[in-house]
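Paired with chain B in one complex and with chain C in the other, chain A is shared by the two complexes that follow.
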Partner chain A sequence: MQKLGDFRLPHFFNYPPYFTLQPVRETREKQVQLWKELILVYCRSQKIFSVGLEEDFPLFSNPAIERCLSHESKVVFLSALVSEGRAEWMDKSHKKCLVLWLSIQDWADYIINFVKENGLEDGVMTVEDIRSGIETRGTELAGIDRGVLMRALKLLEQKGKAAIFKGSSTDDEGVKFSA
Partner chain B sequence: MRRRPGISGLQTAAAARDQYRLVGENVAKIRTDLMKEQLATFRSQLEEFAKKHKNDIRKNPTFRSQFHEMCSKIGVDPLASNKGFWAELLGIGDFYYELGVQIVEICLATRSHNGGLINLQELCSLLSQKRKTAREAISEDDCLRAISKLKVLGSGYEVITIGKKKLVRSVPTELNKDHNEILELAQGQGYVTVEEVEKRLSWSSGRAMDALETLLKEGLAMIDDGHKDGKRRYWFPCVASIFSSGGA
Partner chain C sequence: MAAGAWLAPAALTASGRPVLLAGEVERLFLSSVDLEAEENPTLAPLRSGLLALTSHRLLWINEASRSAYSVPLDTVIHAFPPKKSIKNMFASPRVRIQVSASQEGKVGGGRGATSLVITIVLRGGKNDPESFYGRLWEVLKSRSWEVEELKEKENLQMQGLGAGEGPSRVRTAVVGVSGILRKEQEMWESTDKSLQEAFHDLNALMSKAKEMVALAEKMRQKLLSGSAAQANDEELGSKQEMQDWLLSVGIVSPVTKESAGALYHQQLCRQLADFVKLPLEKAGGMIALIDVYCLFNRARGTELISPEDLLQACAIWEKYEVPVMLRKFDSGVMVIQNKAQSDEEIFTKIADLSQKPDSLKMGISPSDAALTLGIAPALAKEHLLNAEGKGLLCRDVSPDGFRFYVNLFKEFDPNDIYLVKDEGLYKAWESTAATVVTS
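What follows is the complex of A and B.
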């Protein structure tokens, strides 16, 4: 089986027709389903948050079988994710896509769980701490996209579970949890 | 013997006929008894054999298939019922019913990918993967037996032979001769192009396109426009699957 770094690629990735949009409805549905799953699983394992349609993205081509996805196919697969709320277009021209392998709500829940498990209730963390601090190392939060993190924190703020404030000494923002 | 006239002559003839019949009946009875006895001996021998080699029959697929062959030659079907002596002795009926259920599961799970037609070899290897925990090895012969049991359900499970390969069909798609020939051709590389079909089978271009379009609509083929020669390839997951093929 082929690998991308330490990521095990699924079998279908080596089957050439999966790189051509299928005209028959049922076959297409299966194809889109497989690609959606692959994109989510891959992005999650590699902590990739944004996929550019015009940039090199390892999943969009398979040199081993000399196949690559057309622009149209990329748009179809990513749009399918967007329509499920698992991704968002970052621009009007649909050239860049934010992949949410966890929804904002899921991220918010994940943060609260993390806070509880680590006894950080009523504690204060900076946004940078969450993204790259020692506490979150080895969790899904390490390396989280700043935009996604801020949206999850704002959601928590709305629910009264966190308060975001500007740091006084640094540029960084801080967050106080009240789980 | 000189034929004597009169009533006593007639009586003698009748008596002789009766005697002959009696002797004939006796002979037939003796033969039947002998046959019955032989069959009984054979059956008990077979049962003894089965008992003795119970483990081999359960564990070794080659042995199992030979045992089945032997049984079928003498008209004993160990799978006829899972209540009979054989099932009790070998648990062999349940074994095939279990396989049958797993085969149906695999066919359903892979249907959206292969259009309901699957290579027997692949089915077998998927079955083995599924049964990793069960210690008995599974042979293609076992699969075929289990599938033949599925026919009773009338759900259209059928084994078709195309070229050298056996394919298991789980959808009621009717494949005509043209389709079969294309599938056979595709066994080489896993795909065909319109050009190849026309050349190798000496068909008109309309005929090739028609057959390929039908296979595509039935979900048995997938198109691939990505090759650098620009020719569309029609791939058939049922003959060379993603689970076994290395690529183009």
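What follows is the complex of A and C.
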């Protein structure tokens, strides 16, 4: 079984047509579906939040069979994720893509669960604590993209479950949970 | 059909073209023509058919029922010119011919005791009676049907003492490979004659000397250029063989614009349908239009047609009941295909090929498929693309080229990307492909 770092690749990763955009509708639909799934699984396992079309993304090439995705096919697969709400273009020129292997709503729910499980209700955490603190180590929250985290927290704030406030130092913000 | 019982039936090809006799050449086609026996109303007239004037016969063809009747030209005693009068200006133009008939009034059954006047009514608005009459008269005068008989006799003579002083010959139209052969033969006969004359007396030889030198040179050249072809001249038998062989590739009476006029494309279309039958069989039911163009023109010999004419002729196949069809692939490649030919058969072959271990590993290229299917790579590629469209194959474009793999996408499970079912193509592929990756 082929590996990409510590990520286990599926067998079809060595199937050359997997890397050529298929013109026949039915075949292409299946191909797009498989790519979407693989991108999400891979990003989740490697905690990757952004995929750049012009940067080297290990998943988009397979040196073992000497195949790589064309720019067009990358756009097709990522656009498919975007249209499903599992990803967002980060710029107008569609060069960078934010991959949401959990949706903002899912992240918000995850944070609340985390807060409850750790008895942090009515507690205060800084944003940086959530991303790299001891409390979140080993959870999905460790290493979360700052933008994604802020959006999840704002969603919680709207629901009255959290309050974001400026900390004493300007470069960090605090969150008070009120679950 | 009882209506034509007074005329001898004629044979038609599968596409509705007349089957021609040896040496027979088509001269003119006219549509919407009636044949009537005005003096004898008991004979039912033939209505609205296609009239073909050949060097040997007048043929009346009913295209709907695919039946035909013929009037041999050697039975024609006289052809009356079309009448010009005020009255006739409004009626359909008529040309009358007097033919000999048997006692019962049947035409074409040999020299008959009585005669019969057949009225040819030209109902098609564009048909010009004067030109038809002119052409008919020309054909009658040339008496081509006698030439064939004559030649046979001469051939017999030639075996013994060379060509005799046969009566001055009437030429039939020089068209097709047979036309070239005929011309060639006439040339040789005249050469033979000059040889005989030359040896007849020395004076004549002197006068002919110049000619002889030129002739000798020409013969030498011919021997050098094609010794095989020349050797055949030694024995008449093998010469005959070669002629047969040439005739088998040639079309004796190619449809020309001159003979068919407005019906040109229609007749060409039918002739083409008859012609492609054999090459199609050899090519396995499908043949590229370009190849047909080359084969067809080679068979026609001198009367070449343009690609445009060929395309038009193929395009009107749809209208007639012919066993072949023109097919255009999505890529624009055009082929001629047997109607009976089905894609299924080819798909099965392609599916088999794509599941062989080598193909699983490396995919198949159009040339691989061409070898297996026994067809041209360009056509093989079309078949592969078709199979791809059906979901049998999928493509792989890489710096190595354009290849096709058996379609495994159906086997992959997006809900469990690591799943490989124990049986099926995915497993088979996985076990062969794994050896490539690890090696």
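The definition used in the following text is that the second predicted complex is superposed on the first by the 177 of 179 C-alpha atoms of A that agree within 3 Å, B and C clash if a C-alpha of one lies under 4 Å from a C-alpha of the other, contacts with A are read in each partner's own complex, and residues count from 1 in each chain.
Quick note on the criterion: a contact is a pair of C-beta atoms (placed from the backbone, for glycine too) under 8 Å apart; a residue touches a chain by one contact, two chains touch by 3 or more.
Here the structure is a predicted model, which means the values were calculated and not measured.
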item	value
Joint occupancy of chain A by chain B and chain C, clash or fit	clash
Touched partner set for A:Thr136, first chain B, second chain C, both or neither	neither
Which superposed partner A:Glu37 touches (first chain B, second chain C, both, neither)	second
Which superposed partner A:Ile65 touches (first chain B, second chain C, both, neither)	both
Residue contacts on chain A - larger count, chain B or chain C	C
Which superposed partner A:Glu26 touches (first chain B, second chain C, both, neither)	both
Touching partner for A:Tyr15 - first (chain B), second (chain C), both, neither	both
Clash-bearing segment of chain C relative to chain B, given 43-51, 151-159 or 421-429	421-429
Shared chain A surface residues [contacts with chain B and with chain C]	11-12, 14-17, 19-20, 22-24, 26-27, 30, 64-67
Interface residues, chain A side, partner chain B - complex	11-12, 14-20, 22-24, 26-27, 29-30, 64-68
Chain A residues touching chain C - in the complex, by the definition given at the top	2, 8, 10-12, 14-17, 19-20, 22-24, 26-27, 30-31, 33-34, 36-38, 41, 64-67
Residues of chain C defined as touching chain A within the complex	363, 388-389, 391, 394-400, 403, 405, 407-410, 412, 414-415, 417-418, 420, 426, 429-430, 433-434, 436-437
Chain B - residues contacting chain A, complex	112-113, 115, 191, 216-217, 219, 222-228, 233, 235, 237, 242-243, 245-248
